[in-house]
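Order as written gives the chain letters A, B, C, D, E and F; numbering starts at 1 within each chain.
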């Protein structure tokens, strides 16, 4: 069975959550443009948003939001922000230990596409994804950078592959 | 300055949280005796309980409770349960990645005291402690086994040393 | 339910394997006295030896023996040797990554009992234990040092607690 | 000395092993097409197959096969299968702890080539490689996905670079 | 704010150090061509070289050189050599544990550019980068392979992005 | 061969280094009493001090001192300070990644002896030891707390076992 066929057979719509990680957005000093981009795009494809929140760059707050997303029934979680190299950036460090399985390939493909768009600046692009299994359910988490452009790049992968990943993650 | 003097100078009372990790207690199939023992003992020493909850053996639920304890202002968190060797036991695996500094010595001393009490059965005794720093505050988490007897052993350490640890953790 | 009661209810007899890790014993340059001590003692308590081998200090050979012990139906595996500080010692490094759950308490209690027997020389005593789950079964592995005396100390723990650990490991 | 010159000077033929990791193939419910592709291609280039086996998705069985491949004198091992995101996939988790040196670059280049072939679906592509040193010998292990197409992509790297890697791994 | 704008605003010149890791160069058996390439290129862009040394493939010597570079005021350190797969190569293993934040993206982009240049031989290309924070300062370390060609590839990234990374690393 | 016999046969005298890790002592705001205790005691037993320094709580400075101790020919290094739970304490974090083999038993025995002396306050006692191999030589590093009392406890172990450990570490 080829990749294309696989994808067609994969579940098409899913329940998703959006978590924006940003000190300034959590203080409402700026709009959550990236969160909006994610929610609108995934909804426009027929998926249902079951949870959304904006949290500061803090591990405990990020993990609490992840737990709430899971309780809300999210199958896919997209986080945006907190993946850079400043000392405040802790999203990947918070989420990674919860992965039962990390999709090392997501970061690679994301960086490859970023490189095509921004060149060597892609070295600053942090991104990862992984599967969290709990209580007989699987939730796939994608961690994207904070900028709307990076989010759009990430969505080009997620909108094509999320159902595909979800299908395997549940096995 | 000797150890005894150090302890006398350490802050005496603190705000604490109790998190019971147990599938059966979270379904209210049994009383949360161990949680009661912790709350009563620490309160009787003048400390204030700011948060208490019972959660199932699930990493996300444990982490959410930890975040809520932090938001409630807890300086000390005592968890009970989920430290054994069954496949359901995940407390230490959930909490440890959040430690900015693990107190390897807590597990050692706890096991030593357990050995004096239950002999070789102490090999099954899981326990650890560590410091979580966030937003300029430090929270010290002690993870104890689920049995009331093990909890009493752990409290003999915590009631003597928590203030001491807290003082250093904040530095 | 107290510890003693727990132990009485725990399964009493089990199928076990003995793996001796030693370059010289694997070349038959010396007797496998420690292996004999383990086999005889556990058999005398009614347990059944389903696998025994002597392998050199080599990770792949140790792991192969572990796989064969599992295939032979072993519920408990006791290894002896390869836990020291020379560059040849690799038993713990080979076995640990396979643990679904490590019993940190075993090493602690073992060292405590060693300290009572040999004093500060116990710092050179490497020992650990853990649970490997595969195909719906659980196998508990105890890694002991190579000397017959250390093995006797380890057996004092194993003969009392192995059934106890096995019961929980299978849950 | 340029890369091309390096490769020309690198040892050309080698002894290899093929390990297929698949529950269904190990129960003979399906042909081991991917294993056949690897064996035939590497043989057609003059290399010698010294070991081949099909094992289920089980860490101990995978490691035992690796040990047998080493004993059979394999210099290069190619595994296929068990690198995905289902809970059964454990090949990388089993093999990685044995690497004395991981070739992080293999996964990257493999993903890059997969991306050129299947686009964003490459995020699901798990692959790695590493060197295991034992008893004065070095064995290089390449872990590929289970599909024949992915295997063909991996072979395009292996057939060009295996000798090159082997030469350095032995230094 | 776009990537290009970001880069233009980033600090342009910096103090840098060059550390060549090579047994043969440290014994003066060959010229340190790669070190020369780095120093000349970065100087030609207006940056100041504050430290340079050649050390053997030895973790302690590499770490000592890193400490000396930091004391000399280096903001950027470029190492060359010791990133391959021979048993002597230890640069990444020595430096990585000191990273407060690793730039996973650097290795990816470096490998991508190497792949464009040398094809599948890029699998042997080790490279990473990360931020070390100490005493209120941040130092960014780039670890490149030993060959002058690989160094030139790495410099194409570093000369464009170092200021950019440095700006964020200090936040 | 019994433990006592082993020890008698072990090399008796050695070249040692003392590294004091302390912000205040490095600024000469207080005497380095603990460093003096170590040097005097080990010298009084016939050993030779080949290196001594006082460094601030900084990973790079600690590692540089370790490298200098190695270059000075030290076989045994004793560090004092930086093993506590404040955010400044980084000695164990700096040194541990360099261990080819950690002596987990040293921390256990040290804590056991501390418990006998200061009771439950031993939970705050950080200590570890390990072997660093480089260039055909082995160096054993013991990391002790900063207080003179804790140092005296550690020395009771080191003066009995250092030769013993050194003998095995070199094998």
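Side notes on the structure shown:
Convention: a contact is a pair of C-beta atoms (placed from the backbone, for glycine too) under 8 Å apart; a residue touches a chain by one contact, two chains touch by 3 or more.
Predicted, not measured: the structure shown is a model, and the values here were computed from it.
Identification of common neighbours of chain C and chain D yields an empty set.
Contact with chain A and chain F alike is made by B, E.
Different-residue interface: chain D and chain E share under half of the residue numbers found at their contact.
By residue number, over half of the contacts seen at C-D repeat in one listed pair from D-E, B-C or E-F, namely E-F. Centre to centre, using the average C-alpha position, chain C and chain E are separated by 46 Å.
Rounded to a whole number, the gap between the C-alpha centres of chain B and chain F is 31 angstrom. Contact with two or more other chains is made by residues 108, 112 of chain F. Chains touching one another form the pairs A-B, A-D, A-E, B-C, B-F, C-D, C-F, D-E, E-F.
Partner chain D is touched in their complex by these residues of chain E: 84-89, 107-108, 111-112, 115, 118-126, 149.
Chain B contributes residues 2-3, 6-7, 100-101, 103-106, 108-109, 112, 129, 131, 133, 156-157, 160-161, 164-165, 168-169, 171 to its touches with chain F in the complex. Those residues of chain F whose C-beta lies close enough to touch chain E in the complex are 58-61, 63-64, 66-68, 70, 97-98, 132, 134-135.
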